[in-house]
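In what follows, structures are represented as structure tokens.
Presented sequentially are two complexes of subunit A, the first with subunit B as partner and the second with subunit C.
Moving on, here comes the complex of A and B:
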């Protein structure tokens, strides 16, 4: 490889690097544009030219959203249901994953195959029968009704099973020798080993549930029980045709998950990559 | 030992009981119920009468079903392969970077994926707004006529596919980056010693070694785009929903707007079977490809 060649390659390389960085900025620009627009007074928002920074920075739309709409309630509903989904999904999946990985019981393999097979079933096709079921249970317009159908995440069981599989058998045998009860073994020996997985999986489940649209949209008709993802788009008279108001509500709805991602970037990407690998 | 074994079974049963209960209630039961409902003439809630395969035969001459089916296929064609390639090119770019810059650039590309669909909808509805959207300023500047994108049937699906690619590329990028990291550096060193060009290196090394990841991304994208609803529904607000129907949207419309539980269930069963067939075919193809290697 001669010197001239090296110089040429670096030039092309630098160009690709620059293009990538430029593309990244362009990619995220609509998000920036949405945020910036929500911080402008309404008359500035509709000006017929592009202003990348507001003349007058204002939080009036946020103030409006927080005081004049039900967004506070929607926030609470989103937090409550997402925490519920996360807690129930993670605990039941961990228990089941542990049992399948470490314990002997009849039909263990059958159960495992059923879980694997259920990856294929699209939950979207079940909306009709979920609705009928939840209606018959009298749970429409309740948190429980929003939560229940969101608890199907077979991939999390498999993630746990695979992690428990990696724990050396000696751990269990030593604990059994010590006459530790089965539950003690799970909570005191295995769970602490998996804290990393549990946090990663919990954060991602929370984000999934926060972002859920279709089911919460069907399960709730009363505006005061809507989750934020449903409320900000379905209650039209709450914001009127005021773009900055609508955008400020959207920023408020996206903020918690964006923050969760930025704070736990590594955990989030780890859990998402893991679950994708298993689905494949 | 025998006593021990028995207690192990009991513990196992206790541990899997909550999962089985939930799974039975919200998964097995609704699935069976869906099949049963699809053979009935029934409202969404309430008793129905058995009509055999009537709900299915009616689909053959159902224009809305036709629209929904072909729109779904069209949307898959517009989003799956283009989305995968966009993500591949971006991740090739990102993999050249390192340290903080790489983390920052990845975060910029990944951020949309973490946002709820409603937020994505608001952002793009604003960006592409006919009167005030920044994209329309760009159109003016380039000398194009402004277009009310989500109100025109011909533009709707491509635009929603574009937004979907923007929204979900971060996920595919993540998988591609993991795949690229798994390719040993020595192979690249050897190829640069051989004076291989950038394109040759990509064609002969990166592409074949990355193929399993590409196949995985394609599979996941394909299956998830068959189930598209949220974006189509949201962007159709104030537009022409009947032209923009996709499968899940039609299920929703039949069941919740027209109150035809039975007919909606029949459409759901059709989509269910399509997704299962695609998944199984995919699995078999992957296994076949795996054996060949």
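Moving on, here comes the complex of A and C:
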């Protein structure tokens, strides 16, 4: 490689770096703007020009959200439903993935194709069916009503199936020769080899569920049962819209997810890569 | 008692038959080797005994008990896999304990068995390591240890040495042989390596194309191959095989080699038919004086204790002869070859040794 080529590569590399930084700023700016606006007095928020830093820094909107709304209750609802959705989704997907990957039973292949085909049906299309079904079951305005329709995540079943497919056949055969039943093979042999996947899909499912808005919005009408994503729509009063107040509630709603992402960044990226690989 | 008996067993995958109406008896405490080329059905047969493959037809008895419908774990056999199949997330001890915990043995019993197996296999210090921290040979021992702790009626080995380097393979082979003498259990050992089969096996089953070609002790198989396939498969280098015509001349049966050499055959077989004549290289010696035939040396392989000489006969056909380790024969020499007539094998048109008909 001669000096001319090195120069060319460095120039291209610098351009790519600049473009990446610009894209990052473009992407991050709304978040910055939202956080900064939530720290401004209401009259500063509605000024017709851009101020990148507040004249007066205030936490009054956060104080309002934390003391004058049911945000604590919404947090609990969100945590409860997200944990429930995560636990049930991951558990059922793990069993389904194992069965499709490792067990022989009638219509196994057909079942797999049905699960694959369900990718093509957007959740929104099923919303009305879900609503009627949950209403008929008398589960509207309950945690169960919020949780049940969110358990449909075919991608996690496929992720598990793929990982179980990759476990060498000898391990299963050795365990079978050692008198191990299917539950013991799953939990003592297959799952320990796939804890990384389970961690990754659990985090991502938790984030999906925490951020879910449409279904919890339809399934719950009582303020005390709302999840935080739905609850923040309630942070207003009869005298109009308070942007800073609503933004502070939105920041509080997004905070746990942002924290989870920062703490488990590598795992989340891994899970997104896994699901993207399957979807693609 | 842990004899194993297969009666008319068959196995097919769709239209492809992999084991065809096969019967076999393995004695209690015997080390039996299944030997054959790839695709001969030897591993399938072992897996059928283990229960990892179903038996489509026929019966399997282990220790006199019908087992063909039992789950693998209930057949009282332990298997050592080609790739060892050690669970990577468990320590050596946990790997060995896994099967014992499944059958809910007491902690004391489990501990005793693991300690005992570790002592037999000299791996006491490896018990707290994970498989990734072990060498290939050590993993092999752990795999055997995992089988030993079960105290099974029979051990099944599926090409367990194929992942080891040559030196370690030889050492482990000896250790396996010693282990058999120690535990005195019935063992079935699958391999495609004839050296392993000959050195380990008390008896060998030669399989080819889903069928048994021959069952016998290593020396029976070597000295008296039942079929042309066995004759060619066993022995390194392979037996010299020539297609010959048998003619009767003055009360003597004569075989004519492709180069026209006439060899007297002392066997009671009908003349006027075509046969395959087989003779092992060690039965073809370089003679200082004119002997049965003459040829030109094309390749010389010096193995130290002996020398293999590849000789081209007049018609271009090749014959492998054996000479002393200190042989002075070189490529291009014209040599005289003496054939030991008592070591000649004749195979009929169906490939069956005439002595076995």
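The rule is simple: the second predicted complex is superposed on the first by the 241 of 280 C-alpha atoms of A that agree within 3 Å, B and C clash if a C-alpha of one lies under 4 Å from a C-alpha of the other, contacts with A are read in each partner's own complex, and residues count from 1 in each chain.
FYI, a residue touches a chain if its C-beta (ideal position, glycine included) is under 8 Å from a C-beta of that chain, and two chains touch if they have at least 3 such contacts.
Please read these numbers as outputs of a predicted model, since none were measured by experiment.
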On the superposed three-chain arrangement, identify whether subunit B or subunit C touches more subunit A residues.
B
Subunit B versus subunit C as contact partner of A:193, first or second or both or neither:
second
Look at A:241 in the shared chain and tell me whether it touches subunit B only, subunit C only, both, or neither; answer first, second, both or neither.
neither
Once chain A of both complexes is superposed, is A:178 in touch with subunit B (first), subunit C (second), both, or neither?
second
Check whether A:20 is in contact with subunit B, with subunit C, with both or with neither, and answer first, second, both or neither.
first
Interface residues of subunit A shared between complexes with subunit B and subunit C:
176
Show me the residue ranges of subunit A that touch subunit C in the complex, using the header's touch definition.
168, 170-171, 173-181, 184, 188-189, 192-193
Over in the complex, which subunit C residues touch subunit A? Could you list them?
50-52, 71-74, 77-79, 81-85, 87-89, 98-99, 102-103, 146, 150
Within the complex, which stretch of subunit B touches subunit A?
4-5, 7-9, 11-13, 15-16, 18-19, 22-23, 25-27, 29-31, 33-34, 37, 44-45, 90, 93-94, 96-97, 101, 103-105, 107-112, 114-119, 121-124, 126-127, 129, 131-132, 134, 137, 166, 171, 174-175, 178, 192-193, 195, 198, 216, 219-220, 223, 226-227, 229-230, 234, 237, 248, 251-252, 255-256, 261, 264-265, 268-269, 271-272, 275-276, 279-280, 286
Can you tell me which positions in subunit A touch subunit B when the two form their complex?
1, 5, 9, 12-13, 16-17, 19-21, 23-25, 27-28, 30-31, 33-34, 37, 45-46, 48-50, 88, 91-93, 95-96, 98-100, 103-106, 108, 111, 118-122, 124-133, 135-136, 148-149, 151-152, 157, 176, 182-183, 186, 207, 210-211, 213-214, 218, 228-230, 232-233, 243, 246-247, 249-251, 253-254, 257-258, 260-262, 265, 268-269, 272-273, 276-277, 279-280
